[in-house]
Amino acid sequence: MIQSLANWILSFDILSGMGQSIAWGISLFVVSALIFAFVAVNAIVLVYIERKVSAFMQVRLGPMRVGKFGTLQTVADALKLLQKEDIIPEKADKPLFVIGPWIILVASVVTFAAIPFSDTLLAANMNIGLFYVVSISSIVVLGIVMAGWASNNKWSLYGAMRSAAQIISYEIPVGITLIAVVAVVGSLNLQTIIQAQAGSSNLFHWIPIPLPNWFIFHSPFLFLASFIYLIGATAEINRTPFDIPESESELVAGFMTEFSGLRWALFFLSEYANATLVAFLVAIVFLGGWQSPFADYKGAQISLLIVTLVSIMWTIFVKTKVGRLSVYPLGLSLLLVVAAWLFPGFAVWLSSPGLFWMLMKVAFIIFLLMWFRWTFPRLRVDQLMYVSWKVILPISIVNLMGVAVWMWLSGEIQF
Amino acid sequence: MIEFVEEETQNPTVVIDASAMASVCTYLKEAEVLQFDSLMNLAGHDPDGESDLSIIYHLHSTVLDHYITLKTFTPRENGVVESVANIYRTADWHERETYDLFGVKFNGHPDLKRILLEEDWEGHPMKKDYTPAEFYRGMRIEKVK
Amino acid sequence: MSYFSNITNAVGTLVEGMKVTMGYFVRPREHVTLQYPDEVWPIPSRNIGVGELDTYNTIRSKLTVDMNDCIGCKACERACPVNCIHIDTYKGTPEDNLQITSNGTQVKLLVANFTIDMSECMFCDLCTPPCPEDCITMTPDYQFISNDNLKTDVTPEERWRDRDLLIYQFSKVSEAERQRRKAEAEEIAKAKAIAMAAKKAAAEKAAAEKATQEASVVETPEIITPEAVAEVEVVETIDIPIETVLPAETTEATETPVVPTQSEAESEKLVESEDSTTKESDNG
Amino acid sequence: MGRLHAEEMVLNMGPQHPSTHGVLRLKLTTDGEIVSHIEPVIGYLHRSFEKHAENLEYQMVTPFTGRCDYLAAMGSEHGYAMAVEKMLGIELPERVEYLRVIFAELQRIASHLVAVGTFGLDVGAITPFIYCFRERELILDLFEMASGARLLYNYIWIGGLAHDVPPGFVEKTYEFLDAFDERVTEYNQILTGNKIFIERAADIGVMTPEVAINYGVTGPSLRASGVNLDIRKTQPYSIYDRFDFDVPLGEGIQGTVGDSWDRYYVRVLEMKESAKIVRQALDQLPVEGDVKSAIPRRIRPPKGEVYFRSENPRGELGYYVVSNGKNVPLRVKMRSPAFSNLSVINEIGQGFMISDVIAILGSLDIVLGEIDR
C-alpha cells in the first residue's frame, strides 16, 4: 500500500518532480497516520460498543445521555481523560513510568502494519507477516512490567508480575496453534494464508455440507485449534476470564493502579487495539480473512437457504429463551435469500471478497470476547497457569500432530 | 466466689470472681454434662458510673442446647479479668472490644489492644463517666448535645 | 479420565452461562434502568387514614409542618433521635391572634421558631406519630437539589451555607418579633433566676450542708432523659439556629416556609413545595 | 552462588479497596501470592451505636439498629423490638407477627441476594451481581410500599408496626415470589454451576465445624460447615414454629464441607426456603388486626436485663438490653454476627492466595456497619 501510494503521488505531473524517496516518505507517514487513526477511532467505538453490550447483557441501558443513545459518551470520556492532571507518584521511577504506556501502545499499533484489511488494503505485505505480528505483540509485556515496576506500588507490581507470567505462558500454545495453520499453507505471509482459503468445499473436505474453504472447516484439528487460539489470545490480551493482571476486585487495577489521565488512556487504547488485533488474526487465520463466506453467487443462495432451514428447525424444536434467539438469524437470512434471488447483483456482491467481510468477522470475534467478559468469573493465577500448561498446551501439541496426520491421510502432503 | 442470681432473665445467671473466669469457662466447656462450646456474647456493662463494671458472658451449648449467663464484676479503673480467649477464640475480639470501650484488662489475652477506636484514643467511651477530650490529633471532637 | 470430563464440564457450564447473558442481550427491552430526571419512580401512594391526608403516601422525605395547626407542644422535638427539630415557644398574648386548629384545639403558645434541619434528619418518621394535631408530616418531595445551586468553586464558608439551604424555617413569626419575644423571655428568665438565687441564698443560709449536697447531685452525670434535654435545650436553641438560618437582611415578615439564602437561586421544586404549603395554610 | 534472598511482604488491603465490602483493612503478610497471615483492622465505620442507645428512648433506638446492618435493617429492627417486648411482656396481635416474619424473610432474601451477587463480583463475574440487584430492587419496592423507605425502614416498632401494609401488597408479594424461583435458576446457570466459579470457590477457606463454633461463627457460614444450628428452628422466636421450612446445610457438593462454595450455595438455598416461608405466611396472614394496637404509650421496661437472639441473614443477632426502669435503656449491646464471622478469617484464610482471601471474605458476607457499629 505504501508503494502504490507513492506511485500514485508520483503519477501526478506536478508532483513527479519529487524524488522517489520523498514520495515514499510521505506515503509512509500517511499510512502510519491512518493506522494510528484507525486504532484510536477503533478504541473509542469499541468502548462504546462494549458498554452497550455489557449493559444489554445486564438488563441495563448503558450510556444514554451524551448524544443520541450515548453515542458520543466515549468521545466525551476521552476528552475528559485528556484534560486530566498528569500525576506521577513521588516515589515512582519516573523515566520508566513515562515510557511504559507508550511502549505498550506502540507495540500494539505497530502490529497493524502487517494486517491485511482487504486484498489490496494493507500497509506492508511481509512474507513473515504472521511471525512479525506474533512477536511484536508480545513486546507489550515489556511495557506492562515497566509500568508495574515503575509505579512503586505493591498492587501494580503484582499485576505486572502476573501479566508477565501470563502472557509468556500463553505465547506458547498460541504459537503452536498458529504453526498448525502455517503447516497447512506453507507460508507465513498473511495474504497467502487468506488466499489459500478461497473457494468452497465440504466440511472437513469429506462431510457433504457445502461450506467456505476456511481453515476452521479444514479439519477437526484446525477446528479445535481455532478455539484454542481464541482462548489463548483472550489470555494474551488480558481479558476476562483471564484478566488477572488488572483484576479490579483483587488488585484494585493491577499495573494501571497509579496511572491517570492521558497515560491511563493509552493503556485503554492499547487494550482495545490488542483485542482488535486478536480478532483480525482469528479472522485471517481461521475465518478466511476478507474472503466472502459465499464462495460464488450460486453458493450464496444455497448457503442462505441452509441457514434459513436450520433456523426454522431450531425455532420449532428449541422452545427455550435461547431458542427464540434463532429468530434473528432466521430473519436476516430470509431477507438475504429474498434479496439474493431478486437481485443477482446483490448476490454477486455478497460472494465477492472485500473489506466488508473482514470487518464483519472481526466484529463477530470482538463480540465473542465481550460476551466472554460479561459472563465469566475470573480464574486465579495458578489456575490460569494450569489451563495454559496442562490443558491448552498439550491439546495444541497433539492438535499439531493431528493436523500433520490429517494432511498426510488426505493426501495434501506426501513423504 | 460463685453465687447464683435469680432474676427474671431467661437463663440461669452465675456470678463469678474475675480471677476465676478462665478456669470456670474451661470447666463449663469440657465437662461432659455441660459442654458449653459456644460463647455467644461478651458484653461489658457500666450500671451507673459509680459502682463496679460488670462483664457478662452468654454461653450456649450447641450439642446439648442449653444456656448459661456468667457475670463478673471488676473495679472501674484498671480492672483485670481472666481472659477466655484461649478457650473461646471468639472471645479474642469481644474482649478487645470490651477493653476498648470499658478499659477492662484481660489477663492472658494474646493481643490486647484497641479494636474499634484508634490506638491513641483517650478514655473508654462506654463508661458512663466518660467525657471526650477536646481534640484528637488536632481535630475537634464534637460534643453531643 | 477426570481430566477430560473436567474439560467437557467446564465447556458445558460456561456455555450454559453464556446462554443466559445472550438471552438478555437480545431482549434489551427488559432493562431495569430508570433514566432518572426524565423518568421518575412512581411513588407508592396509599391511605394511612389520618385526617385530610387520606391518600397520603408513606414515602419518607422532606418534613413539612402546617403551622396553622401547630400548637407548639414540642412532641416532635422530643421524639427526634437526632435533634434536628428546634422549636421555641412563648406564652401567647391576645395580639398574637392565636387561632383554633383544624382539630378544634385552641392554640395557646406562640411558636416563634420552628426549624427543621434536613441535613441532620435521618428520615426515621418518628416525629409524625406523636403529633396530636397531625401537622408535621413527611412529604414525598425528595429532590432537594437542583442545577441552579451548582457552584464550581465552593469555599468552605459557602459549603456551610449550602448546608443552611437544608434548614427550613416554618414559623410565620417575623425575625424582629422573634427577637423581641426572645428578649422578653430572657428578661423573665433573668428575673426568675434572680428570684431563684435569692431563694437559694436563703436556703443556703438555712442549711449550708444541704446546699452542698444539692450541688454535687447536679454535677453527677446522669442519664439525660429527652424531657430534660428538651428543657435544657430551649435556651440553647434560641440563638444557634436563628443566626445560621436567616441572613441579617431578611428582617421583614416572611411567608411560610422561609428557605433561607434562596433569594437568587431557587429550584423549581422548592418553589412548588412552598406554594403548596402556603396554599394548605391558607385553606386551614 | 549466593542464596536467593526472599522475605515476606506486608500488603495493606484497604481501607479503600474494591473488595473489602466497605471500609475494612486487611493487613496481609504475603509470600509471593501466598498469604501467610491476615490481620483484619476494623473500626473505620465506628459510630458508637451503643453509646447513642444509652441516651435515647427505647423507640428512638430502632432507627439506629437498622443502620448497623444496613443490608438487613428489617432483621435488626425485628431483633431489637423482640428484645424490648420480651422485657415488657407484650403479646402481639397475630397480624403483626405474620407481617414481621414476612418482612424479615423478604429482607433475608434481599440480603442474601447482595451476598450472592457481591461474591460473584469478588471472583470477577460482574453480570450476576446486576441480576441479583434487579431482584433486590423488587423486594425494596415492597418495603417502600409498606414503610416508605427503601433501605432503612424503622418499620418494626416496639409492640407493632409503623403502618399496616397497603392494599395490593399481598398480591405484589405473591407476584414477586412466583417470578423468583426462575431467577434463582438463572443464578445457578450463570454462576453456581460455572466451572470457573467452582474452581475459585470450592475447597477454598475450609471451615471445620469445631473452628466455626469456637470462633462464634453463626448463620449461613456456620451451616455451610454442616452444623445444623438455625435459631428459627432450635429456639423458635416469633411464630417461626408455625412454618414448614428446611435448614440448608453445606454438603461439600463441589469440594470439602465448609468451603467458600458451600457458604455461597447455602445462601442460594436459603433464599428459596425464605421464599417458602413468605408464601406460607402470606397464605396464613390474618386479614383483620390493628398493627398499632399493642404499641405501648410509654415504654418503661421493668428493671432487669435480657439477652435476645434472632436469626439475622448474617447469623445470630443478639441484643443484650439492660433496663433500670426508666424510659432510656441502661445498656444496649448488639452481638453482631458479622463481627464474629470476620474474626475467623485469619484461621481459615492462611496459606491461600490473595485472590482466595477475597473469595473467602466475600463468602463470609460481612457488613462493616455491623462490625464497627
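Just so it is clear, A, B, C and D label the chains in written order, and each chain counts residues from 1 on its own.
Everything below uses one rule, namely that a residue touches a chain if its C-beta (ideal position, glycine included) is under 8 Å from a C-beta of that chain, and two chains touch if they have at least 3 such contacts.
These numbers come from a predicted model, not from an experiment.
Asker: In terms of touching chains, how many steps apart are subunit A and subunit B, taking the shortest path?
Answerer: Steps on the shortest route: 2.
Asker: Comparing centres built from CA atoms, which chain ends up most distant from subunit C?
Answerer: A
Asker: Decide which interface, A-C or C-D, involves more C-beta pairs in contact, and give its chain pair.
Answerer: C-D
Asker: Let me have the rounded angstrom distance from the C-alpha centre of subunit C over to the C-alpha centre of subunit D, please.
Answerer: So the centre of subunit C lies 31 Å away from the centre of subunit D.
Asker: Rounded to the nearest whole Å, what is the centre-to-centre distance of subunit A and subunit C, using the mean of the C-alpha atoms as each centre?
Answerer: Taking the average C-alpha coordinate of subunit A and of subunit C, the gap between them is 59 Å.
Asker: Quick one: subunit B and subunit C, Cα centre-to-centre, how many Å?
Answerer: Their C-alpha centroids are separated by 39 Å.
Asker: For subunit B and subunit D, let me know how many angstrom lie between their CA-based centres, rounded off.
Answerer: About 24 Å, centre to centre.
Asker: Can you list the residues of subunit C that touch 2 or more other chains?
Answerer: Where subunit C meets two or more other chains at a single residue, that happens at 14, 17, 19-21, 32, 223.
Asker: At least two partner chains per residue is the criterion; list those residues in subunit D.
Answerer: 54-55, 127, 134, 190-191, 194, 196, 330
Asker: Mind pulling the residue numbers of subunit A that touch at least two other chains?
Answerer: 57-60, 374-376
Asker: Considering the complex alone, what residue numbers of subunit C touch subunit D?
Answerer: Spelled out, the residues of subunit C in touch with subunit D are 6, 9-10, 13-14, 16-17, 19-21, 32, 44, 46-48, 57-60, 79, 81, 122-126, 129, 138, 223-226.
Asker: Which residues, counting only subunit A, touch subunit D once they are in their complex?
Answerer: Spelled out, the residues of subunit A in touch with subunit D are 54, 57-60, 154, 158, 240-241, 243-244, 247-252, 374-383.
Asker: Can you check the complex and tell me which residues of subunit A touch subunit C?
Answerer: Interface residues on subunit A, with respect to subunit C: 53, 55-61, 64, 321-322, 324-325, 328, 371-372, 374-376, 391.
Asker: Tell me, which parts of subunit C touch subunit A in their complex?
Answerer: 7, 14, 17-26, 28, 30-33, 35
Asker: How about subunit D: which of its residues touch subunit C in the complex?
Answerer: Touch residues, subunit D against subunit C: 52, 54-57, 59-64, 67, 127, 134, 137, 141, 144-149, 152, 154, 162-163, 166-167, 186, 189-191, 193-196, 198, 326-328, 330.
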